[in-house]
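Here come two complexes built around subunit A, the first alongside subunit B, the second alongside subunit C.
Moving on to the complex of A and B:
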């Protein structure tokens, strides 16, 4: 007869990821899910309850527009980051091994920058007094220096900057495994270098590119600081409103409801794009 | 006319010289093998011809036109890569028709041409398969068909058969040769397998350390190697280091070998040299007093199709190969004589 501890020992290996998942994902998620149905108590945060009013409040033209804004910005950031990252990574994988590691280390160091630093660094760079406006004046491209922030362009730039290293890290392994003779074969068959990249390399990388798009999309969806630092109030994303509700309005149930909603919508979008990708192969 | 002229072509990577002043003339419609050990520069030379690498020096002309600066995708060459480099996201027919698509051929004509090429490589009925569903030999043929799709000026193949098992490889060597004959396309194949080169090529170019060692027909190179490297690389050769001591006498290990007027001498009388003789051109005689050389049998092995006898002379083992029916009646440790067949010895520069 095996004792309980012995049986647990047998399952130690496989149990580890399960325990991690439950402790660090399922438990917090269940807490958040329950809070989203609680009622708000002005004096003491929230009261256990089961009401749908938090979700009901969200279903409004205002939040609908905010949700749409969030999704559009993240989608745009994902598309721009990945479009830049695909050729970038391709050229990195064509470099000598030593230069490849230099590039990757540099890129990883960018990852160590928090959203706060990235946000304020760009806001300084795009400012009127200390920014690249002065540089443009110096080289004669502009008459007087001007500020480029806050603006939609500045926000998208920041989000792209945030997502770019992740896109590269997703693309790098697949692109470095690509047989170098494949693009060469395309060239021998008459394709120019650009054409061989578009016709052959890109389609072969389709699943990886989809993966990179999804990662950057989901990742930038959570950016709550960049829209406030680099964007105007109309550019505030759902994440900004969630932060606002949770921290400044102390309305955790509503913030939780919005977070759940955002998660469900992004899960649905990722699911649809994965299904579409599979249907085409 | 797609004669390929390679003039003093050089390729350097930093201090390393991969191809060192190669000059070769490849005539229209011929089948040429670049043969050599790994790292001898044969693949680099092929890539230079393809335009995948830039020349560090020299020039390349095709059909009398300078191609030194023509980019790879404008050369109108066909190429089969070592990895084959078939496109996994396209079907077999789409792979073959890809160069036609680039040239703006419409879909139905592309399809017709792809099917025609699949017939040519004896693979009908697989047009709509995915590349990953094919066997090694089928992939090989598809890659060849794709390389031939545009009727290339020059057809280049980089170790095309190296990934296949021995039987299939021999089979495809013959097929490739027949295909090339039928189409008459100037073909250059890189290989490290001398048997492969001998069975396919009109002309073999033997390379070592970036330099051409010898250019000739397979038989010329086999019968009359230019130096000891070629003699040893192409097939098996007995190499006897000694000295030419008379008008037709070669001294090896204190024994004088009388040469015949038909033997080929690359050195002058009195000079040191290496006598090269093929195992099938040297006969073991039971009587040590007969023949040009004597020694002691050190090993005999019967491989069925032929018999190998190793005879110790001085500090080397001379290999003799004969058919089982003409096997001499000798056994291990016997003193025996060795006779070189008339005209089959070559004395190379030492």
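Moving on to the complex of A and C:
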């Protein structure tokens, strides 16, 4: 008898974590999904209903363009940060343990910075009175200082800055486990350092690199503040519109529909890339 | 070739450090203007963070939320990680996946989910709502660190204590818990720093009633410039460096981040 209750207890799983995650994570998603079919109510946030108008609304040239903008920016940020992060992380993993720790502390500190601070710091760095404009004047490359923000370039810099530490942290475990004798063997056989890196190390890391690209892509897709601080209104991404609809237009059903849509797009992209990665290997 | 390598590392580090250097510079400006290189040297904008009642209030909210959220996150992550570690079942893997999921989606989606949830249950705008939301959203971090710590425990140690007559509770108290403790502390620290910096969830759940420092910075950014924003940003950077630096000093940071072997 005691063994039976013990076995039942075994299969029950940990009650408290399960309750917390279901109540505070799964339930909110279910409610959000249902609200995306509700109708808008100016006074009380939303009215129970079943309508598809919230979804129908963004099948329009305006939101099509917004989606395309969001996807393009995130793709660009992902490609830039991962292509810098691959060699950078590789070099970091070849350092002594002590220096690796120093680098990791610095990267984690950058990673933990909120978008508000990244946006503020970059807008300062690119500003007229406190930015690189002053530096360019000082070394004689420019006549008078000027501001480089808001602009598309500023926004892309900010998004890359946001995604870069994540790219490094995804690449770090795999690259640090890479047997150093493998690239060395390629060198012994006469390959140049760059060639041994591109032709030997990179193909071994293909899945990890894909993983890093996806993570940075999905993560920057969620950027809601950088487009407002560093970009112009036409650079507003889907995430900015979601917050805008939820808080300032108080249209929660429409915001929920957009959030569900954004989630489906990210999941689909993750799925497609995983399938492609599997097909190639 | 070596020179090229160091030049590359240096350029990347410069890119990462440049904005931080500039905000440090503007935070010590004497006049209330956005100037770099700074004019004069003054620490009064740091004093204002701890004196001006509105900034102090935001600081207090941020710290209370971060402490509460880290406690909740670790309290969920520890039993979950133990369960996954003991059982390698499908159920355990599904639960682990559920614990990792919040971190894999664009945060704005979870933020809206939390907002609608708290409106529905009637706690929208309460600081408790922000604390719980942060705790659940960031549960991934202690879950991953504690799992790493448990994996490193030699199962023979547990066998040994069992043969000497220790029951489950004693094994947990005398073997598992002390070995997992450093990883719990790191997980706690990760959640603390990320919660302190988190903007979108705090904003959408209780942005107008429980104003945190990131929200306060963004609100001030809209209505003009004050150097206090820069001093808060520097405060954040320093907190992160101190916290992660201590983890690296007292623990094995490369291993915590997934390296199997680091060069000595």
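Here are a few things to note about the model shown:
Assume the second predicted complex is superposed on the first by the 261 of 281 C-alpha atoms of A that agree within 3 Å, B and C clash if a C-alpha of one lies under 4 Å from a C-alpha of the other, contacts with A are read in each partner's own complex, and residues count from 1 in each chain.
As a convention for this text, contacts are C-beta pairs under 8 Å (C-beta built on N, C-alpha and C of every residue); 3 or more make two chains touch, one makes a residue touch a chain.
Quick caveat, the model's predicted, so the values are computed rather than measured.
Residue contacts after overlaying the shared chain place A:274 against neither subunit B nor subunit C. For subunit A, the partner with contacts to more residues, out of subunit B and subunit C, is C. Applying the stated contact rule after C-alpha superposition, one finds that A:204 touches subunit B and leaves subunit C untouched. When the two structures are aligned on the shared chain, A:195 is found in touch with subunit B, with no touch to subunit C.
By the touch criterion defined above, A:218 reaches subunit C but does not reach subunit B.
By the document's definition of touching, neither partner reaches A:147: not subunit B, not subunit C. Within the superposed three-chain model, A:176 lies in touch with subunit C and out of touch with subunit B [touch as defined at top]. Of the two partner chains, subunit C is the only one that A:255 touches; subunit B does not reach it.
When the two complexes are overlaid on their common chain A, residue A:53 makes contact with neither subunit B nor subunit C.
When both complexes are aligned on chain A by C-alpha atoms, subunit A residues 193 touch subunit B in the first and subunit C in the second. By the touch rule above, subunit A contacts subunit B in their complex via residues 179, 181-182, 184-193, 195-196, 199-200, 203-204, 206.
Considering their complex, residues 10-11, 13-14, 16-18, 20-21, 24-29, 31-32, 35, 45, 84, 87-88, 91-97, 100-102, 104-110, 112-122, 124-125, 127, 129-131, 134, 161, 164, 169, 172-173, 176-177, 193, 218-219, 221-222, 224-225, 229, 239, 242-243, 246-247, 252, 255-256, 259, 262-263, 266 of subunit A touch subunit C. On subunit C, the positions that touch subunit A within their shared complex are 1, 5, 8-9, 12-13, 15-16, 18-20, 22-23, 25-26, 33-37, 72, 75-77, 79-80, 82-83, 87, 91-92, 95, 98-99, 101-102, 104-117, 119-120, 132-133, 136, 139, 193-194, 196-200, 203-204, 207, 214-215, 217-218, 221, 229-230, 233, 236-237, 240-241, 244-245, 247-248, 253-254, 257-264. Residue ranges on subunit B touching subunit A, taken from their complex, read 50, 52, 71-79, 81-83, 85-89, 98-99, 102-103, 146-147, 149-150, 156.
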